[in-house]
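You will see two complexes here that share chain A, one where it goes with chain B and one where it goes with chain C.
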Partner chain A sequence: MSWLPVACLLTPLLTAVAVFGSPRNRKLRGLLSIGGAVVLLLLAIWQLMRVSSAGALVVQPGGWKAPFGITLVADNLAAMLVLATAAIAVAITSFALHDIDEFRAEAGFDGFVHVVLTGVVGAFLTGDVFNLYVWFEVMLIGSFALMTLGAGKRQLDGAVKYIALNLVSTVLMLTAIGLLHGLAGTLNLADLHQVMAARENDSLALVVGALFLVAFGIKAAIFPVFSWLPASYHTVPITVSALFAALMTKVGIYALLRIGTLVFGMELASAASLMMALAVLTLLMGVAGALAETSLRRLAAWQVMISVGFLLLGVALGTPAGLAAALFYFVHGMLAKAALLLIIGLGERVGMAERLAESGGVAQLKPWLAAAYLFTALSLAGIPPTAGFWAKLAFVEAGLGADAGTAGTVLIVALVVASLLGLLPLMRIWNEAFCKPSPAGFAPAAPGQVPIHTPSASIFALVSLVGVSALIGIWPTLLHSLAEAAAVGISTPAEYVQVVLGIKPEAGS
Partner chain B sequence: MTALLCLLIAVLTATSVWLMLSRSLVRFLFALVLVSNVANLVIFVGGGLEPLAPALVDTAQPDLVMANPLPQALVLTAIVIGFGLVAFMLVLALSSWKVFRTVDIDQMRFAEPEPDEATTSQLEEPRA
Partner chain C sequence: MNSVVLTTVARLLVGVMLLFSLFLLWRGHNEPGGGFIGGLVAAAAFVVYTLATSPREARALLHADPGLVAVIGLAIATASGLLSALAGKAFLSGLWVFLGASETSKGLALGTPLIFDLGVYLAVVGGVAAMVLALEESES
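What follows is the complex of A and B.
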């Protein structure tokens, strides 16, 4: 069974190769891309079922025993996030079929989407810190291509900022890895945990940890180093916006969580108040940006930042319950953000404009789109019985926990304030884009006239995202138990270490 | 040797930060070249590779001090990746010049226009 993580990694990679090698036909490439994503989804479901029933899967490629080789580890956390990524991938590739123009498709758009997916899946599955850097690079180079492909002036401008800041973050990460290796003499995460746990009050480790925090902070768009996100996410095709909103910042948070708990457990605990401050500031900055924003797509970009803030709240709290809440929100946020972006993408064909004030009439032209938006917005706001409500309930419960202390109070206050204020921009989109009369040029179809057609693949993409989100809302127990198992796994790393290093005879590959 | 390399790292870092703070995209490109070399040097120094401690030692002389050979592989990987990223940034700077006729970041306000001058072009006069 230990081939499953490898298969999850190879599927998007081979799909990318197949797309680049296929004839320059938009439809063929789109279908190849969807096929690859569906295979990844099936493998990811299998992997998660296997991991939650029989424990983490560990692969030692080439037969190199950990810590000497590069290890792939699919524990509860990684398997759950790979599944969420695969679900997003199916929706995004289906949506791309009709959203991406001929030029981009012929230049290999679908292939680059799968390059990004390869990087994301690799980053989730790797058990080696230098390998994590390599997957980040794979993800970045794919995202650079998506960012610049078909560049108009706006897109190129956004791309310059996105790429410049991400390159800085990459170099910081590499420097941190170099120092960490010099400090510990190993790159395997499980081995690093043992080496670093043995060191006490280590100021060198604190420096390395700070470097990692800045590097992953830039990737995740945390408060002082977030400026690339609202500068670039709105300039690309909506499919790319949705893909990035769902995946890119989340990988930064994942890396922070994984490296933070496994390698810098002590340092993370001592920096908890700093992390909480960063989380609150990220949250407030995202809300303030969304409140002040007049452009529809940039408002969606600020929403991404709000979700980063919520995730960071749970990470900063650091208790198992806080981490479980963050992981629940992780999956919910991925689905809801992708759905929000796809709704905007479809809405732009029927009356949504760049400027919110010039939009209107979508509810009249496409009532089902309005229903999808309403559901997604309620979920983002946290109104029961949506998935967002259960996520926020989990946060509040974690904040009230006996082990939470003052940080728990801060968390609850920040959560409530951000949720209430965060509702306002979502209501503004509803009022401006959906309920106002249509702007000129988008008048409702007269009786007998053919209404604006929405391709069925795009509807499938949106319905699948909203549908999964609704299922989580109706039946949160499954996701909650998965998130709890994953949170327990990362807050007590001993088990991870034992499985990876093969200390227990019955565990290991 | 190590002290000398550390000094080199400090100088390169300072220079690249100074270059990065400039508004010119070309300077940023040079800063990137320097700073990716800084990262490589850090890995190199962190691995403890020195003339007195080589990475490969003769089995006939087991008492020789040996450095960790892994940083060489890491640096090699990092150089290749860094080269790719610098090449990408170079092409990006080139296409920015072709499209905007400028490499001044402050002149590039297409994605985030000033609220009141959203429609007016700020690039009437090309400048280097």
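What follows is the complex of A and C.
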């Protein structure tokens, strides 16, 4: 029995409690929030080291053994994603310190950020489908609060779209869970794997699988249920956009991956071509949206959708190499998307406007911000030696693998087309916002004039994200081996099942 | 709301509902009931009181800020789960004291699940009250 997964779960929860219970002081609450995120980061590093050296950590809260209790499982995949979440959390909470206004801070903004983090970490760590639903709810409650806090009319407009579609998704998910329980009589993922493996060609199982696909598809903004994403991310404070862009859609993909491999191992194989079609359409829709977009923040939201498409490509391919590539991209995408949003947030103070055409001059005012953008854009596009290059290289290698077949060819073609076309909107931001002369009101500081100050906590947030991304680019082996271990873990679930249910492996097998 | 019937009945009703919510909380120990449903009934009592009087009087009834009540509840629930660490058991394991136990009867069983339920009760009451008050106050 290890306390590490419990500690990872309770740290953001207790931080939220501490923030809500503390005096309404913006600085104090911000620092509490950063402190909680740093503790979570340390715990997550420790947990990942334990998991990679000694195998998955399993906790049976209350001493109720699986499949009767609710199990927490930190396997390679979960531990890696909790660490990525923690890293994002440190950057986002640091950025929030100066980005969030007095009113929002007093209403408990930092607390709600940690409520969202609790939900995300819980969703990654849980080994039970109903518990997964509960963590989704926790995450949604936090995200609804962040979306509507301090709401102007414009912000509420985005929030209503987000909430409506997410509620539909949640109801579908709950329906699917109810049906699944009626079908299998259990909701423990490891137990479900054994029960469902014995039911081949079950049409009811297919219905449940389809319901889960739609439910998680909405969360992940997969084609054709993506419309809430570009409609809602641009109306909230940039800290919230960055948090959501890095985490929210990714949790949907994670749930799809986990439930798909553990519960619907058989059905997923037969749905591979459908998944591939959805992946390609998501990718193309994201690219088309980004190409046509004139608003800066909405363009960033389309970028999030492009990354969802790439992730799905790997998931749809389904081979261990494809999953490993997707997981590598998963972490890279989280870092790069958060960095992109933070750059826009900082840029908006020095000449970026909501409409791209009205922006300009950022490179002249803040050369280092331009450098950070250029690096992030190259990473998103996949130019060596950035992390994005290694991610796309892994995809191509997976597509060329002997077990990939025609799907592999489709993957490579889609990847190349989307990468080339995806470069255009990124370059357009560079030309319009960074290189063009400043718009009126943001003229470069005349001699003697005080330049616009950027707080050091915000710079730290951006530098840490870009720095980690650069480290992955220089030394991709570590992340690659972690992603491979996680991919092997999910494509051969027998080990997961054994650890959770406490079955001794049979001799010789 | 300006209704003589409601304001008259509310005073009686609120007391009965609060008692019933405590009964549900206690009953949840071994039978259907518990902190969540008890908390909802208590919150319903609070809503009746708010509608019958005014948000300001409702705040006075609660004495504390509803958000703070919810946070304290959350902290109590979490702490009850962590108590099992002191006994070297898994997170959220129940620890029990049997008051007046004899050979024939278990006596009065008191345990950490009751503390957990109490935390949930407070979290639900505080959370719902905070939401209802926010809506009522923005109207007036």
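We take it that the second predicted complex is superposed on the first by the 503 of 509 C-alpha atoms of A that agree within 3 Å, B and C clash if a C-alpha of one lies under 4 Å from a C-alpha of the other, contacts with A are read in each partner's own complex, and residues count from 1 in each chain.
Criterion: a contact is a pair of C-beta atoms (placed from the backbone, for glycine too) under 8 Å apart; a residue touches a chain by one contact, two chains touch by 3 or more.
These numbers come from a predicted model, not from an experiment.
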### Task
In the overlay, answer first, second, both or neither for which of chain B and chain C A:59 touches.
second
### Message
According to the stated criteria, A:10 is in contact with first (chain B), second (chain C), both, or neither; which is it?
### Response
second
### Summary
Partner touching more residues of chain A, chain B vs chain C, is chain B
### Task
State whether A:108 touches chain B only (first), chain C only (second), both chains, or neither.
second
### Task
Please indicate which partner A:134 is in contact with in the superposed arrangement: first for chain B, second for chain C, both, or neither.
first
### Message
Just checking: does A:177 make contact with chain B only, chain C only, both, or neither of them? Give me first, second, both or neither.
### Response
first
### Task
Please indicate which partner A:463 is in contact with in the superposed arrangement: first for chain B, second for chain C, both, or neither.
neither
### Message
Tell me the contact category for A:206 with respect to chain B and chain C: first, second, both or neither.
### Response
neither
### Query
Of all residues in chain A, which touch chain B in the complex?
130, 134, 137, 140-141, 144, 148, 151, 153-161, 163-164, 167-168, 170-171, 174-175, 177-179, 181-183, 185, 187, 230-232, 234-235, 294
#### Entry: Residues of chain A defined as touching chain C within the complex
1, 3, 6, 10, 13-14, 16-17, 20-21, 59-63, 108
### Message
Under the stated contact criterion, what part of chain B meets chain A in this complex?
### Response
20, 25, 28, 32, 35-36, 38-40, 42-48, 68, 70-71, 74, 77-78, 81, 84-85, 88-89, 92, 95-96, 99-100, 105, 108-112, 115
### Query
Okay, in this complex, where on chain C does chain A touch?
67-68, 70-72, 74-75, 78, 81-82, 85, 89-94
